[in-house]
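Shared chain: chain A. Partners: chain B in the first complex, chain C in the second.
Now for the complex of A and B:
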């Protein structure tokens, strides 16, 4: 072990002698890990936002086969039939805790890119606030029913301009006033703008129709009772899912897609980084041929020469990985971004550099270091002892 | 028992290199004994096989045929692993270009052979200090090779060669890269190691004035030994 540590120490300490190539290897590994971590941070942040958005005890009703709110149309009678469904929770007055909602797309200007992007304007009923976990008005007040007033999610405020409290804003042909901002603790609803359902129905000429109905269940298990009721009621043609399932189905695929893009891209970059590591380690072995031969002449084993080279490669890769983690963490972790969600509108989320992603990044870096160092390591172990006489 | 045997016995030693289809004979049928306490200078023209012979003695190259016997045991047929162990226990090497590890201090360079022993850290430090004192460079123990002159580097290399108390010192043109005055210092030191500490030394040199420090000169010419009297 003493000889092994001595050789590893010599290898690692000699890295500055090959500064150019070593930096190139560290950089290529850093880029590879940064790309992976960037995509994973995006996917994790998006996933966290989506996962945090749905409740098991809230049922979402859409027209049968519509899959998303945008495609769904429900009539006023549907709402009346749902009100009396078993398993729907009621408030202290005995009224069902439910909100019929209408969802239209409006344009917003992204702060970062100054480009237009879709934002959801959701017309809701009073009970809507009781159907979102952690809902709170963070500034101003709730909109007045019947007036062209908006409350804006904090994600929208962060990512889009013109929605500050007190601001008057034109959406389509209508002028609105922002009277409040709200938070749902970072869920997907933070990316929405809310107003009174009746106002949206009037201004967007939707009559009395809505697109979705959300209702509080007496318990998560009550979803089955509700489903049975809907299936048994001939006048209803609805799909019923828990809100958690709804978000998982409609937007969860995007997180998977981000991961599926991130990994292959990183692996392609890993091939480049591997070539860099390989080249650096070959150069390391070549420049130390006489040193290696001398050590072996003294009596050090070929295995120590192999391990010294391999560990030098792993150290370079680890430095690259650590650099990437540091940079991505400082630049991206917790930063807000938005991307197109399942409803063709922007979902604002925060990049999340998780321990799992960090471990994945380090494993990828070490794999590159290992593969890049193994053949040069064998070469080091096989250096001819006669090289001891080289000048 | 082994003290009565020569340290080395070379028997019918041949070395041939092949380059493409061409076969080049370096030496053929060499016979030689090296006694304990010898200080032999091997001389000869370039390409005469001096260094190749030294490589056979040090077990860093194998003969094409014949035997290299060390203290009565053949070493030419040992595996690479066994040879490495044998070298670490019995041979100290001194090279023309010192072959010090550039990232290590003088003391760390000297300590290298001791890392292959079971000595404790404290014992290793003590031995390194002694070796550096013997070669007169203890005050430079913390210096890296690039901070030392050629002569000082060669002293460190000699300290490294003797620190594990090997039975034989093999020196390949140890003064080939040094000026005359420094070369004389180094050769005087080798002579001292031989006369005062009883180290057996085989030195390859092309320099007649270096050879005069040895007890015995062997001239290798056309693959054969020609023993001559001392040049001075």
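Now for the complex of A and C:
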């Protein structure tokens, strides 16, 4: 045991003598782990935003077969029929907690690229704020119904130009004033711009039609009652889903794609890093052949030589992995980005370096270190005693 | 012993080491070539854009429609050769998951504006005269196994006919291809009239217009004139070049170019470190051998050239393997990617870039070892233990 620690100590302490090769290994492992963590941070961040968006006790009503709000059209009468459905919660005045909504896709200038990108201008009714968890006005005030005023989600302000409090902004041929900013705690709605439903219908010639109706349920289970009611009512042709389901259906794609790109890429890079580590450890054994033979001569076992080499390799890989985690965490964690989401509008999200992805990165690093060290280790264990005489 | 043998012996002095370096190099070039091909496919919309082609959309956003009357008014603008219009159909085949990119277009002018689309003469005739005709791009036809003469229904997840149905019946009367494989053919088109007349709502609107100008120099003038024509109306317009429009759309997805470049950069930084340090080390080990060569009368320049040739061989063999594997993979999966990444294939430009990189890489990694080898002094080398 003492032998083992002595040899491992010698190996590790002599790393600086092979600085070039050792740094090359550390760097290659670091880049590989960084690529993995980078992609996973994007995927996890996006997923977190989507998963944080839906509630179980909010029902979303869309035109039958439309699949997404963007494709849906509902008439005024639909809202009146839903109002009286069983299972819909009411507020202290006895009014149903529901909001008929309509969004028009408008252009915003993305800060990062200075190009136009799609943003949802959502017309909502008063109860809309009670239908989103953690909704709060973070600056300014709520819009006045009937006037061309906007409240803007914090995600939009982060990623897009010109939506700061007090600004006036032209969307098509209409001029709007930003009177407030809001947050829903990092959900999809933070990537939206809100105003009064009637104003959107008016300014964008939508008559009295809406796209979706959201309503608070008395309990998550009440959705079945609502569904039965809708199916039994001949005048309604609607799909009813819980909001959580609605977002779960529309979310998957991008996060899955990112993981499907990130993992194979980092595994391919791992093969490169593995070749590098192997090469480095071979050189390490080569340069210490005499030293190893000497140790063997004075009674150290082949196993200690093997372990010394293997541990050296693992240490290098671990250093690389740790370096990558540190750098990615400092540079990436919490960074804001946006991409085109299910509603054909931008979804702003923050990169999330999660514990799970850190562990995945370390495991990948250790695997490279282990595989890269094992064969050179065997070679170290087999160094002939006669090598003492080698020059 | 010829010089070639000497170089080979030098390179494979330690076989395993040479192989490991080649593996590292192959991996980096593999990543470069695959991601390069992906990037190229993403930017296909920008690359295939005609310089004199403009897109007019509603100034609110390109998803917002505009009155059909605009089409007639734009036709009168001076400097325009052709104008056409299109509507997004939001189509799917049988099940919503079977998404089919479909546009309702003006049949004749659309082909005028996109001359790169090829339709055999008799199919072209059928397309112009058959009201229920659907022409399908080659990539899409392959994906669903459709051929000319098939009668298929397509559903829309947006539009409804006056009778409440969301399915339109079509006769596939043509399959179009493109001159250049990078031009997407993963969509289908049908007559605007057939679409418009059966609509339950939003009749007489068009999604966007595409037009060609007489000359690139007229682009700005034409765009300004169109947008000025509809200024202060409920549906103002925004006219940009096709390339700018495509570029903005790619940017909506995110900075794909930056992501891909970072990954490629990481891969190359890695092999630069690994191969660079290994080669320096390998030449150091050979100090004595090189001194022997010099004693035998090898000139410094010749030594320099021989060592550099080794790094070139290393880079070209490793890089070539990586490039070959990448090309194989891309060809293998290109079919599966056609529907959402049309034009995915191994572009020649990426292959040339890879070769340029191999040469650059060989120079960078080989120069210092070769330079050191050239400067080895016989007396000192033999004095070294």
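Here is the rule we go by: the second predicted complex is superposed on the first by the 391 of 391 C-alpha atoms of A that agree within 3 Å, B and C clash if a C-alpha of one lies under 4 Å from a C-alpha of the other, contacts with A are read in each partner's own complex, and residues count from 1 in each chain.
Operating definition for what follows: contacts are C-beta pairs under 8 Å (C-beta built on N, C-alpha and C of every residue); 3 or more make two chains touch, one makes a residue touch a chain.
Treat the numbers as computed from the prediction; the structure is a model and nothing was measured.
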- Query: Of chain B and chain C, which one touches more residues of chain A?
  - Reply: C
- Item | Contacts of A:115 with chain B and chain C, given as first, second, both or neither | second
- Check the residue A:35 against both partner chains and state whether it touches chain B (first), chain C (second), both, or neither. second
- Message: Taking the superposition on A as described, I'd like to know which of chain B and chain C A:385 touches: first, second, both or neither.
- Response: first
- Task: Pick one for A:202: touches chain B only (first), chain C only (second), both, or neither.
- Result: neither
- Both chain B and chain C contact which residues of chain A? 391
- Note on the structure: Listed in rising order, the residues of chain A that touch chain C in the complex are 20-21, 23-25, 27-28, 31-32, 34-35, 38, 65-68, 70-71, 73, 104-107, 110, 112-113, 115-118, 171-173, 204-205, 265, 268-269, 271-273, 275-276, 278-280, 282-283, 337-340, 344, 346, 391
- Which chain A residues qualify as touching chain B in the complex? 2-3, 6, 10, 13-14, 17, 290-291, 294-302, 385-386, 388-389, 391
- Task: Can you check the complex and tell me which residues of chain B touch chain A?
- Result: 51, 55, 58, 60-61, 80-81, 84-85, 87-89, 93, 95-97, 99, 101-104, 112-113, 115-116, 160, 172
- Note on the structure: Listed in rising order, chain C residues that touch chain A in their complex are 14, 16-17, 20-21, 23-24, 27-28, 30-31, 58-61, 63-64, 90, 96, 155, 157-158, 166, 201, 232-236, 247-248, 251-255, 262-263, 266-267, 269-271, 273-274, 276-278, 280-281, 385
